[in-house]
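Next come the structures, one after another.
One chain, subunit A, appears in both complexes that follow, with subunit B as partner in the first and subunit C in the second.
Let's turn to the complex of A and B:
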C-alpha cells in the first residue's frame, strides 16, 4: 500500500526539480553566451556577464566552508571522542541546536555589525567569509557528530585495549572510518553557502566588480540574483540566467560529492 | 613467574551488581580458563582487569583490587599505556583497524612506545610470524579488512603480542570460528602460553579441557557473580566438588564420559574411542580429506597417511580398507620423483607401531590434490611456505603438523632413528584427530 504513494511522491519531487531546472534554463537562455562566465556585468547587471560574481562565490564559499570545517571537525571529534561531564555535553549540544536554528538573516545582521562594524572589516569578502563560517559551523558540526557517532564503538575499545589514547584513536582510526559520512555535511554546507544571500547581503556587499583583495566588497551569485530581482527594474531576465548557473553549480557540487562518497562506501 | 590476583573485587553498573567479591590468584606462564554461563560477568571481569571498564565512567563502580605481580593495576604505577603493554586484551570479535595488516600491528607500537621505525617493523613482523600470517598472506601490505574471520582473529592476537605483554586476556577467542580456524588459534594459544599467562574466558568445557592448566568457574548468585570453584584444570574439570560446577561440566560434555585420569596420550585415544562409534560426531570427521605433505613422499608423509587411516579405522572399528566412507588420508611430496616406493625405514617403523603399511608409490603434489583436501599438513615451516607460494588459494587450510616445531626426517637410514620420528607423527596425528572430534559439541 505504502509503495504507490511512495513512488508517486518520488516522481513528483524529481519532476519538480527537473521542471525547475528546465524552466530556469528556458527563461535564462537568452542571456547565456560564451563570454557570460568571464565578462563583468553592464547596465546594472541587465546585460554583460557574471565573471566577478563567480569569483566572489568561489572565494567566499570555498574559504567560508574551509574555515567552518577547520573549526567543526575538531569540535565534533572532541564532542564524540573525549570524556566530558554530561552537563558540558548538554550545553554544547544546545548551543549547536540554537546555531542551526538561527535564521540566516540574523546571522547576516550579526556579521555586519560584528565583523563589518566592530572589527572594522566593513563590506568586504572577509566579513562575508567569517559570517558564512559562523553560519555553517553549527550545521557542519551537527552533521560531523552524527557521522562520527555512526562508527562502531568496537574500534575505540580495541584501540583502548592496545593502550592508544582516545585523541589518537579518533584521528587515526575513527575519522578515516567516518570519512564517507563526513563528506555529506561538507557538501550540504557548500551548497548552502552557494545559495545563501541573506547572510552575505549585509557583510560582503553588492559590488559587481572583480575583487583585488579580501577587503574589497563583492556580491556572490545569489546576492546578485537577489539584487537584480529586488532593486533593478527590468533585471528579471538576467536574474533567470544567473539563477540557472547557480542551480547548475549547486547540482554539480551535490552530485560530485555523492559520487565520491559512494565510491568510498564501495571500497569499505 | 607472572601473577594476577583478585582481592574481593566487586563490580556494578547502575544499581545492578555484576561481580560480588571475586577472590582469585592465578600464576603463569600457562593457560587459565575462566568458565561460566553466558552473561555471568566473565568478560566484565577481564575488561575491568585491563581497565576497559573504569570506576566512575558510564555508570560503572568497582571496588576491591586487582594485583598484577603484586602491584595494583588501578594505582599510579600503571598508566593505561603501561598497563596495555603488560596486560594484552583480545576481543571476541576482532575489529580491523584502518590500513594494511602490518599497519594494524604497528599502530599501537607507533603510538604507545618511543621505539624507532625499524624496531617497530621488526616487532610487528615477529608477531605476525608467530601467528602464522607471514607465510599465509602474499603480502603484509594487504588491506586488513580483506582478511577472513580466522585470519582477523590471529591478526588481533598479533596486535596484542607485538606489545610483548606478560598477560593475555582473551574473551572467547575461538567462539566465532570454524573448526579448522579454531584449531589454528588454539595452537597459537598453546605456544604463547609457554612464556605468558593467558586467561581465556569461555563457556566451552572442551576448550578448557584441551588448553587450560588451571580452571575457575563463575556463577551468579543474588548479590552478583562469584568464583565457585578454582584449581588445576585436570582436577576441577574431572572431579568438581560444587554441584553447580558438576552440572555445568556434565552438560558441557553433552553426556559424554569424562576422560580417564591417565597419561595425556592414552587419555586422548581412549576418550576418542568412547566418543566416536555410532555418533554423528564421527561422521563429520569422515567427510574430510586430509593431505600430508613432505619433501620426497617416501617416508614421513606416507607414514602419517598410513597412521591417520589406521587410527580412524581403529576408532570407528572399521576394516582397514574403509574407503566407502568419505574419509581419506592422502600424501604427496613437494619435490618427489614419481613412482618410488615407501622407504624401508618407514615400513619397518610402521610395523613397529603395529600399523599395516599400505601399498604406496610416491607422487608429486598437484593442484587437484590440493583442491580435494580439507586440511593440509606439512612437516616443516619451509614446506608450508613453499606450498603457500605455489597454491595461494589453499593457504587457509594449510598447517604445520606440529605447531611447535618442524618434523624433520631422520638423518640416517637406521630404522631405530626413524621410529622416533614416526612415533612423534603418530602422536601428532592422534592429537589432530582428537581436536577434530571434539569441536562439533561447540557448534
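Let's turn to the complex of A and C:
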C-alpha cells in the first residue's frame, strides 16, 4: 500500500534535485567564465565576477567553523567522558537542542545587536565569524556527541583497568577512534555556513569589495545572491550564476558527507 | 573509572571552553526576552492582540502575523508529511541498499541546498504559476522540510526489528498491515521527525520571504502573505526605536515556539532510540 506512493515520492524528490541543479547551471551558464571566480563585481553585481564574495565566504566560513570546532569538541568530549549529575546533563542537552533549533535570522538579530552594536564591531567579517560560530557550535556539538557515543565502552574500561587517567583515555583513545565520525559534523557545519544568508546579512553586511581586514564588511556568496534578488533590480541573471556555484559547493560537501558516513541522523 | 587528580586542570580548561556555546544560547534567550518584555510593556497587551501591523503609524498588532505563520506552516506540513512519510516507508521497508543510499544522498543534498537557492528556484518556477502567495510560500517550505522528515523518520523505521516484520508476514497479513506494524513501532521517532520538521519550517525566513509577497493579510491561497520571520527579514534593516523593539518581540515569539518544539522533538527521538 505504501510501496507505490513511496516510489513515486522518492522519484519525484530525486528528480526535483537533479532538475534544480540542471536548471541553475542552464540559466547561470551565460555569466560563467574563467575570470568569474577572480574578478570583482561591476554594476552593483549585475556583471563581473564573484572574487571578493568567494574570499569572504572562505574567511567567514573557515574561521567560523574553526572557532565553533574549538569550543564544540571540548564540550562534546567532556559531556561523553566525564561523569556528571543527571540534572546537569539534561540542562546541557536542552541548551544544545534549543541552540540547534534557533532560527538563523534570530542568531543574526542577536549577533548584529551584541557583536555589531555592544562590542562595537559593526557590520564586519569579525561580527559574521563570531555569529556564525555561535550558530554552528550547537549543531557541531550534537554531531560530535553522537559520534563519540558510538565508540565502544570496552575501550574506556580497558584504559581504566590499565590505570590510564580519563584525560588521556579521552583524547588518546576515544577521540582518535571516533575521528571518521567527527569529520561529518564538521563538513555539515561548513555547508550550513556556506548556505547561510539570514544570520550573515545582519552581521557581515553586503559590501562587494575585497576585504582588507577583519573589520571590513563583506558579503558571502549566499548573502550576495539574496542581496541581488532583494534589492538590485535586474540582478536575477547574475543571481543564477552565483546560485549555480553555491549549488556546486553544496553538492561537493554533500558527497563528502555521504562518503564519510552512511548515517541519516545528520539530516537536520 | 574517574579520578579527580592531576588531569583536573586539563578538564577544567576543556569545560571552560565548552561552556561558551551554552552560554551563547542562554545569552541569546535572555537578550531576546529582556528586549521583548520591554517592548510588550511599552506597546501594551491590548494593542499586541489586534490585527493591525502598521509600524509607520505605531500600530503593532501581531495577530495576523501569527495567523499567517501558522497558515503557511500548516499547509507546508500538509504537503510534506504524506510525501515524506511514504518515501521513508518505501525506502526503509522495501528499497534495496543501493537505491536507499542513492535516494538518501539526494535527500541530504535537497536538505542542504541553501535557502536562497531554493528561494530562487521558487521564484523561477512556482511564482509564475501561483504568484507571490500563501500556496507558493507553503510549497517552497514543504520542499525544504520534506528531506528532514524523510531522513529522520526513515532512520526511525530502520530501527524496527526485522523479526517483527517477518513474524507479521508469516501470519499471512497483507503488506498494508505489515507497514502499519512498522509505523506503529516507529511512532515516536516519526513524531520527532515531524516535530523537528515543523520547527525548521517555523524558523525559515529567507526562502519564504522571496516567494510570499510579505503583505500582512488574512490567509488566502492565491494572495500574498506575511509571517513572523519574513517580517523580521524585510523590516529589520530600516527599523529603529519602538519598531525595532516590536521586531525583537516577534523574534522572541518565534524562539519560544521553536525551543518548545525542538526540545519535545528531540525527546521523542531519544525515546525512539535515535
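Note that in this section the second predicted complex is superposed on the first by the 242 of 268 C-alpha atoms of A that agree within 3 Å, B and C clash if a C-alpha of one lies under 4 Å from a C-alpha of the other, contacts with A are read in each partner's own complex, and residues count from 1 in each chain.
Simple rule for what comes next: contacts are C-beta pairs under 8 Å (C-beta built on N, C-alpha and C of every residue); 3 or more make two chains touch, one makes a residue touch a chain.
Being a predicted model, the structure only gives us computed values, none of them experimental.
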Subunit B versus subunit C as contact partner of A:14, first or second or both or neither: second
Partner chain in contact with A:66 - subunit B first, subunit C second, else both or neither: neither
Which superposed partner A:141 touches (first subunit B, second subunit C, both, neither): second
Touched partner set for A:225, first subunit B, second subunit C, both or neither: second
Which superposed partner A:177 touches (first subunit B, second subunit C, both, neither): first
Partner chain(s) touched by A:160 [first = subunit B, second = subunit C, both, neither]: both
Which partner reaches more residues of subunit A (counting touched residues only), subunit B or subunit C: C
First (subunit B), second (subunit C), both or neither touched by A:260: neither
Which of subunit B and subunit C A:83 touches, first, second, both or neither: both
Touched partner set for A:32, first subunit B, second subunit C, both or neither: neither
Contact residues common to both interfaces of subunit A (with subunit B and with subunit C): 83, 157, 160, 165, 168, 268
Parts of subunit B lying in touch with subunit A, wherever the complex brings them together: 50, 52, 57, 80-85, 88-91, 93-95, 97-98, 107-108, 111-112, 145, 156, 159-160, 163
Complex contacts: residues of subunit A adjacent to subunit C: 1-3, 5-10, 12-14, 16-18, 20, 23-24, 27, 68, 70-72, 74-79, 82-83, 92-107, 109-110, 113-114, 134, 137-138, 141, 156-157, 160, 165-168, 188, 191-192, 194-198, 201-202, 222, 225-226, 229-230, 236, 239-240, 243, 246-247, 250-251, 253-255, 257-258, 262-268
Partner subunit B, residues of subunit A touching it in the complex: 83, 152, 154-155, 157-165, 168, 172-173, 176-177, 268
Residues on subunit C engaged by subunit A in the complex (per definition of touch): 1-3, 5-7, 10-11, 13-15, 17-22, 24-29, 31-32, 82-84, 86-91, 93-95, 101-117, 119-121, 123-125, 143, 146-148, 150-152, 154-155, 158, 174-176, 179, 196, 199-200, 202-206, 209-210, 229, 232-233, 236-237, 247-248, 251, 254-255, 258-259, 261-263, 266, 274
